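Common to both upcoming complexes is subunit A, partnered first by subunit B, then by subunit C.
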Partner chain A sequence: MAATVSKTKNEKKPFHFMKWAKSRKGQQVLICIAFMVIPLLLLFTFTYLPFGEMVKFSFYKMKYSTPVDKRVFVGLKNYIDVFQRDDCFGALKLSLYYMVGAIIQLVLALYLATILSFKVKGGNFFKGLMFFPYLISGIAIGFIFKFFYTRGFVFDTILQWCGFELENLPYWLKDQSINNWSLVATSVWRYFGQNMVLFIGAIMSVDADLYEAAELDGANKFQQFKHIILPSIRTIVTLNVILSITGSLSAFEQPFVITDGANGTGTYFVIMNDIAHTSQKVGLACAMAVVLLLIIFACTILQKLFFKYVFRDAESDDESYKAKKARLAAEKAARRSTKKGVA
Partner chain B sequence: MKLKKVLAVTLAAVMTMSMAACGDSTGETSGTNDGVADNSAAAGTEAADAGAADDGAADDGAAEGSLSYADITLGEDYTDLTATITLFNHRTDMDSADYGGKNWESYLADFNAVYPNITVEITTDTNYADDALTHLQSGDYETIMMIPAVDKADLSNYFVSYGDLDTMKEQINYATTWEYGGEVYGVPSTATTQGIVYNKKVFEAAGITELPKTPEEFLAALQAIKDNTDAIPLYTNYAAGWTMGAWDAYIGNNATGDVTYMNQKFAHTKDPFQDYGDGTHAYAVYKILYDAVAQGLIEDDYSTTDWEGCKGMINNGEIGCMVLGSWAYPQMEAGGPNAADIGYMPFPITVNGEQYASAGADYSYGINVNASADEQAAAMVFVKWMTEESGFSYNEDGLPVAKSSTETKLAFEGVTFLEDEPSVAGEEDLLNELNSESELNINAGGNDKIQKIIEHASNGDMTFDEIMAEWNQAWSDAQEVCGVEVTE
Partner chain C sequence: MEKSNLQTAAKPVAHRRKHYTPGGIIWLIVEYASLIFFGLCAVIPVISCVITAFKTEEEYRSTNVMTLPESWLNFDNFVKAFQAADMGHAFLNSVIVMVCVLLVSVIIGTQLAYVLNRFKFPGNGLIRNLFLFASLLPSVAMQVTVYQIMTNLHLVNHLYGYIIMMCGTDVISIYIFIQFMENIPVSLDESAIIDGASYWTIYWKIMLPLLKPAIVTSCILKGVGVYNEYYAANLYLQKKELHTIAISLYTFVGPMGSQYNLICAGVIISLLPALIVFILCQKQIYSGIAAGAVKG
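And then the complex of A and B:
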């Protein structure tokens, strides 16, 4: 850093650096830099530096305890392994369960948020009730559900009250065809309250006059939701979808605590943890982390594009789609003409 | 505008890189400087112990006056030494005043009666195996640690030598557990054997008069328990995970009767998981589990087993037996009011008409090589006291560690105790390498592979031979990668 600063110094010298530094503009720049340095420094040391190290590790064959000079550089071998191994990429298939869960969770949250943002008896009570699971620590939830799903315990007892026979009930965590759904249900139960509260917050900010106007125009509740609420809260919806999808790619707590990743419930993160800490293949685990990061990047970008397409009607609150299209066309034409002019 | 942004980002990147580079190099140099300073300081004050620890080739002559386990006479040496040392270990249960046996507090009280000026601060951790490695890696760790799974070649970077192997062999059993280059870096806290913890009353009620000695007899006994009692014949403790890894402990001495098998031959064996046809070796061990699951001789829903709950269940006669090391024996006795019902029997494998049990060290005490000379001396005094005077090993139902003692509560009639031979010089890390490469992690936390045996047996989607073939393949691949010489 010192080098770059002195370089600028050297360049600026003919323009009287000291004078510039004392001038109003110079002071502004210097203060900006001074204020930026601390947060950037913290960001570098605690985020980018460790991340850089992790990327570096992913090119080595090493254990945690291997001294620096004994780590073997293996090039891209770890990355090739990630793509060739069944368990690494197979684990990503489990994320599909969690993605389905995420969609159910968002729909449920949006539905309840819409209802609860209007006048409902005991609305705050229900909000609190449904937000509560999010406040419990993930580990505690794991233990709760471990007992919840145990044969003949809570869940089975409740179902027996409803008239089911114990013999006809599946083993919620043992049966490999449903144990992932059991875990996903736990995840939905935990997070939908949080999504709901975010949605309610966004819906609150919608101008109440709009509903009145819509009602006068004869719009029913669903039309109001579709044409007023949804476009108004699209930023929050997008954000929640992105968070949920990335969250489902990196699902960890539920399978780790409830089933220890055994019995076909080992998600990508659980496998990664196992490879890093039990088998001590740190390089491979780091490569897995980098690959997951790239996948999440890709997913995020795809979602952005998708939402841009879905909400194109509502890109702007004031102008209609047609008007906007016309404006964009005009802009494009203008740009083209300036380009031609430059050429 | 865009150009400016790109420029700004590039500048930021350049700044990070230059800073990262600086940080790295300074970190390294200061690290080595510290090491040098430590060495010279230690050499100046007490003796060349730090130097000796760093250099495995240091011989007896150079060790004159240095810290040595054998030379410490308890109650006479170092009684006026004042030091504060820390101990990091896995016995969370011993932290509690409710602990059934003797807890840490009473051990420390006894210790301070002899050494009033040495303060020992004890930290315990439920996730010890992983956290201990993290502590070591950070470079800032406790004075005494239970040595976690480190490579033997790295021992001298972390721990002080207690003395050379020949001297230590006269002092303690299992001296070779943490030996490298002729120096001993770990003294076992206690020693355990491997067998099966069972409920005598349940076995009686099922009409089993003689303890099973072969896999067939064992499975027949489990079947008898299922038919004649309400108890769960074999409780797997599947959900806890680490309890499954315990099965690996039986494939060495118990299943072969060969003390060189585990640390010397196993790594070189071609297809070690093959069927030897005589009910021995790893194949027979894991087959017991597979068959028990396939024949429905385990709990109904293995995915929700409860480790804490199983102690009370076996104590109350709801469980027939569980495959766990002898360390679990006192815990099962303490699990309820029927301590006398709990028994401990050898693993049901007979090799050429003989039954064997492996005796091995539990976690070993290692002393921080970066600690000051006084702290190291105090730590060594504490370790020797724990080993010889405290009665720890006896209290915890272990086998004796101190050479001078033969006291133990365990007795296997007609069973020969064997102690694994250490690996051949130069191959100390071979098993670790193969474990890591093959990801089978035999005796090193490879829980999921055993859990998979249960899953496959229960779902019936893979035969036992197919599983073993898969493991053989993984092992062979790892042998190839590590360049191991393979014998048929």
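And then the complex of A and C:
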């Protein structure tokens, strides 16, 4: 019927282009173009064009306001500067703090997700409490934690309730031995709930029969966690560990909104932001951005390779899982089969 | 992993028999103790703000920050903060930005997902990869040169400029749409074609209505993101009358920097909408978080 419709239309419009445009093939091409023009234009304008410019600017000495013909080509000087200036590449060391924080965050999220995925009274309430920080805007978090860490304010008061003396407490945002940890704690505070929700989702997708069988067999919760939960959500945990590495390298928000990078809390991107928008050394900032992007790509490629490996593993995992289920039905010897699944 | 995320209907963990062994009781105590402890950790910073927001100037100076306010009905700070930061105006701007960005990104996102998912053409894979690659670029780094481009296009200090930019940097929702579309059977399209429907009709009359759950999820996620976005907003909306809610809080930097009773009130006002949305749409938010994780 579709054919007859297009035929009658073809007879009405004898032009070649219109004939084509009315055919199914033509319509497909037209709709593809019509639906893709705007998104691709936006993608090009706000991602790939700036990306190209960034690479180009990184070879120049320039400001935003410098006219095109006044820009000085300096070759690799900006890149050399990135590695030689103390404030640039050295700032990447701060990422280590954030990596440690990210690991703590993942462990905490995993622990709480496990608790919440068993039946707990008020579980949903606690889940909501812990997730909500994720929905607060960066600026608001900045104010909340400036207030929280101010001398003699919230955090100090709570520690005093716990028996600490105010004189023995450091200045949380000024003392260079502790301030980066304060910021990392903020980052953990903000994101652990989101990680937790992610893990709960993954845990919930595990077949409930497995828990039941394990429980009937007298496995305690730690055993259930070790032998059932952990193996089945391994993929998503690995994914998050890898993401947290790239995330730590590009840590920006907490120092930007809370300390503005003062007192040795300026991470790589905070410094870059400062160089670009305050000092207006656009070339240097671009070189910094390119260097970090290269590092992030390297991490991503490693991640992809790693995932190929994990994926191969996951397939065999699936098989043993099926075998496990069959065995469960046959003899209900859950413990033996779960142990085999891990092995 | 994709499979696990699609099973959003949470299966209850089986608990048929409860036997209280000593170990079980200790575990139970540990369980609730950790929940309460970390729950408190999560809310105390916010609660302390709420407490302070209800204090008068006098009270704020003379009492400890964690002392409860004399009256929970003292809304003076909220009124003052609302006026000082011109939050009425800022709310309006935020709403305009959000409505436009959500509308545009839902339309172009679903259209792109429809084309990428339903038609095989040379470059299909390339376009997917271009979007995937774009999601790797940290936005803060990109803003160094996006700023230059925005200036050249005369989009700085215009609400529409900011809106256009925000529409362009969207990858997660496209992935949510594509993922969801993979589960809509192609036979639906085919039978519509046999009935003589054009591709536009298929998109508009079949796909869009079926995509509703995915659209809700992506709107909530993106909506929260846009509402809270402050970095680009601060760069591109420098005029005070263009401020969105997130950056209207910047008013409190500077001369008002130590009046925390006012600042806290402002912060609380700014996060109220997020709180309301969260309470109303918990489920969609949680499932959206799970869906968004797939992109990595």
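Just a few scattered comments:
Simple rule for what comes next: the second predicted complex is superposed on the first by the 247 of 343 C-alpha atoms of A that agree within 3 Å, B and C clash if a C-alpha of one lies under 4 Å from a C-alpha of the other, contacts with A are read in each partner's own complex, and residues count from 1 in each chain.
Here, a contact is a pair of C-beta atoms (placed from the backbone, for glycine too) under 8 Å apart; a residue touches a chain by one contact, two chains touch by 3 or more.
Being a predicted model, the structure only gives us computed values, none of them experimental.
In the superposition on chain A, A:296 makes contact with subunit C only, while subunit B stays out of contact range.
After overlaying the two complexes on the shared chain, residue contacts for A:145 are found with subunit C alone; subunit B is out of touch.
Put simply, more of the residues of subunit A are touched by C, taking subunit B and subunit C as the two choices. Touch criterion met: A:208 reaches subunit C, while subunit B stays clear of it.
In the superposed pair of complexes, A:181 makes contact with neither subunit B nor subunit C.
Of the two partner chains placed around the shared chain by superposition, subunit C is the only one that A:285 touches, whereas subunit B remains out of contact.
Contacts of A:20 after superposition: neither subunit B nor subunit C is touched. With both structures placed on the common chain, the touch criterion links A:225 to neither subunit B nor subunit C.
By the touch criterion defined above, A:40 lies against subunit B and subunit C together after alignment on the C-alpha atoms of chain A. Within the superposed three-chain model, A:135 lies in touch with subunit C and out of touch with subunit B [touch as defined at top]. Common to the subunit B-facing and subunit C-facing surfaces of subunit A are residues 1, 40, 45, 48-49, 64, 147, 150, 153, 277.
Listed in rising order, the residues of subunit A touching subunit C in the complex are 1-2, 5, 24, 27-29, 31-32, 34-36, 38-40, 42-43, 45-51, 53-54, 57, 64, 108, 111-112, 115-120, 122, 124, 126, 128-133, 135-140, 143-145, 147-148, 150, 152-154, 157-158, 189, 193-194, 197-198, 200-202, 204-205, 207-209, 211-212, 215-216, 220-221, 235-236, 239, 242-243, 250, 252, 256-257, 269, 272-273, 276-277, 282, 285-286, 289, 292-293, 296-297, 300. Across the interface of their complex, subunit A is touched by residues 11-12, 14-16, 18-20, 23, 28, 130, 133, 136-137, 150-151, 154, 157, 238-241, 300-304, 306, 435-436, 439, 441, 444-448, 451-452, 455, 458-459 of subunit B. Only residues 1, 3-5, 7-8, 10-17, 23-24, 27, 31-32, 34-36, 38-39, 41-46, 48-49, 52, 64-66, 108-109, 111-112, 114-115, 119, 121, 127, 130-131, 134, 136-138, 140-142, 144-149, 151, 153, 164-165, 167-169, 174, 193-196, 198-200, 203, 224, 227-231, 235, 245-247, 249-250, 252, 260, 263-264, 266-267, 270-271, 274-275, 277-279, 282, 285-287, 289-290, 293, 296 of subunit C touch subunit A when the two sit together in their complex.
Across the complex, subunit B is touched by residues 1, 3-4, 40, 44-45, 48-49, 52, 63-68, 146-147, 149-151, 153, 171, 173-174, 176, 179, 259-264, 266, 274-275, 277-281 of subunit A.
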